[in-house]
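Here it is, the structure in full.
Going by the order they are written in, the chains are A, B, C and D; count residues from 1 in each one.
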């Protein structure tokens, strides 16, 4: 396939690298200088504009860190809306808000173009290994055209229907549940520690019992070891995830009380200067609130 | 072994039944009439007092619904403290508070008796099948004497050391985490439903992804199916679990913010008359807050 | 003075009526038909566009219900930015968000025009009687020019300096405190009622003691009487106020935990169909959570 | 009158001093050595037991810091229940929990004695000046006998009926509202400060407007000035007040969500070592959460 790729941060590099390794023709674009070097060495060709990455492509993938970044690659003379041919699919893999995805879907449709939201589950270290889970949703004909890429990028794919925003909703709600799980573990681990119980003993019981799932394994260990660096999503990105969940709750006109708790701990961690640490660092704020850390 | 058993509610009947089936000599006591009938038919002998259940026993097991009920079997001329011989072990399997377990441990020790806290993980339907997980903690010599029972009662045992309150702390913290997980699922499922996404699709993604653990499987299905009856812990018992967690946080002089959220939904469910439904019914209150139920 | 007035809802009608009664020359504009009739009968002249209301004016006042409505009167060929002369002041009296006021101030400044934010404290029934408190902030020369209007419109004026957003921040924070006070009264009144104490006795003690201030007098009585209609700000407007406070907290990168509590009760009231009742109706949701109302 | 006085902390000394100054015959008791010296110099006579303070008295006043301390003076051979004559009234002025007051009322009644709960509103510095507000409730004949003391002790008296627990409920709910008001001010002041607005300007607007009441005047100034010492109730006592409110909510089977917020900030302040500062120090924790203090 002829693939364009926009946004070569840590997730993007991993995914684009897999696409290139699978032998696909690859154009790459990133607004920041130097981000495309590794892929160029692997045979990709760098272009100067978002629209350039759509030239004669079957699919153009975006992996962007924010709704603003997505908007920036869509609009303007050099943007995707102006540049994409009618048989090219835009596959947006970043974690975006529901309104942003709704707008992108509407605008592509109005331009006679196909748009698929395809957020992923998994941390950057899994991207390069092809161990992500994919959550694509969009028009069936578009899904069909990009389906060959799914197996290249991920280990598991959940096709979520024809509405792009369904994929986004599932992703946002899933991140919300993950934040709640980290919060709950942080509170529980502080509680047992403060009462004199060995935290790894407690974690062991929970992981072998009711909570033997990756969410608890990954983050539980991090909290018990107080190891907040070298991982995936940062506190700053976690805050974005909280805000996307609250934005979704706003659209749904409903309360989402659990989100506020961990959002506020993340905010506190960021204020303290820990924004670049793993978002599990919210647990350190709980430990501090418990008087366990100075 | 010669075993006494006090407290034959749903959990108690299941556990005592397994002990009897394994061929142990069994005395049974319950303050409510009729609770011992099934076990008597299976060969157990009913007695009239808690102390009676300790007569010439190696171990007397209690499975009681509250700290008050535990206190009632300990005290008085007919109570365990007065009746137990020095080589008999009291193994308390109910979910109790940390202060109640501390007191029981101290009073048994003062009376020259051994006490083991052995809370369990698992719902009543698992008890009869021997599928509980056991969390024993107490003096090593006592653990050693009752160890043969562990395999009879449960499928998995985590020996948690020599302090009875360690077991209780782990159990209370584990229940707290379970309440948080149900709360998070309830909020997330209401969110996706209100935004037009099929809840079982969402649940499927989460279970196959980061949350593939029994806690999420059992309760996620219940919430999606809106099936609140015929299961294990009720809303009233869930409220007790919340209060035990908050009691523990009080002892630890630390906040436990997530506990308040689901405690308040449980309270609302109970006020509405749903106290005897499964505690996952907290999710129905969330759905109501979201405007999804009348 | 020659005054233009844009936005003739309940607050606007009261304020514009006072300006006209004081003998000022008045042009009026409202996008909805029929809103200007009463003022025309009092001698004001209706115009067809926002810009029309600025024609040869010393000041054009806006009293608009949302940031979107403010934006709509600023932009376009018929908007204030295009129409205002350099010696005309735009005095924005609505309750707006900080970003919206920042933008308006910047755009007016870029167009060589003066902009004053002048939110008010007080319910609509006080507007017509001139009993509002005014919170103006903006360039000193602009404040000086519009100062004669302050005594006409309000009973009390707090000049808050040269930055328009200061006034908005004070207004948003003040509304936040009011929401918290209503929330606290609602919880306290439900508590004493449920424990068998006469709520008006309790209110009497608090009003004669530590809480003898208008915020508590007005809303305390409403909650005790369960009288939710015929007043000022509705639940829907209260929700907007909560969101403005949370928007401000977002700009400030800080948690604002108390806002979530009453925001969620308001949301619940609105879902139930009570959006047009006074925002003190949040107390009815608390009473329901306490099991005091069916 | 012949008066006994038990509990001579800061509040107790102020109140007992006024009773003595008014010429009443006074016996005093405090478990801690040295607490009665000042009153003895003023003509009071110290006794060795709680019961001793009831000897030939018309009324014995207690002003005790906790439910445990109240219980300790009631029970035992030297306690009030054993010592009080039938025509002596026990007037309990401390801030106690509803269950503790219910028990005291029942036990005195069973002993044929009269009991009046009479909590106060006001900080210790007001006690010595006779500026407290009194909230008495108890049997009418008992109220009648002690009524002459009300004007000696306080500036304002709210007689709350014949049930002692009514007075306690009003006091607990009033303290709850005060905690909420301090919390709301703390959040609002941190918000405006972080957005660059002078906090005293903001406070000025709120005090002259909707919030011109002692609760806001006293604590608002303290928060703006960051002056946390030299005042009345400490953070540790504030935490007790939060717990009494939550105990009341537990009795009422209802949520009290606002209490958790400031309870958790108080807990954090105490953990940090600020337990002896004024409970308004909860606002410093909010400021820290906002990144305003290191």
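Brief remarks follow.
As a working rule, a contact is a pair of C-beta atoms (placed from the backbone, for glycine too) under 8 Å apart; a residue touches a chain by one contact, two chains touch by 3 or more.
Worth saying up front: this structure is predicted, and the values here are computed from it rather than measured.
In this assembly, A is the chain whose CA centroid lies farthest from the centroid of chain D.
Between B-C and A-C, more contacting C-beta pairs join the chains of A-C. Mean C-alpha positions place chain A and chain C at a centre distance of 39 Å.
Chain geometry summary: the mean Cα position of chain B and that of chain C are 53 Å apart. In chain A, the residues touching two or more other chains are 253-255, 257, 264, 267-268, 271, 289-291. Per the touch definition, chain A reaches chain C in the complex via residues 243, 250, 253-255, 257, 260, 263-264, 267-268, 270-271. Those residues of chain A lying in contact with chain D across their complex are 264, 267-268, 271-272, 289-291.
Contact residues on chain D toward chain C in their complex (touch as defined above): 98, 121, 133, 135, 156, 158, 160-161, 163, 165-166, 169-170, 173-174, 176-178, 180-181, 183-185, 187-188, 190-192, 194-197, 201-202, 204-206, 208-216, 245, 248-249, 251-259, 261, 289-291.
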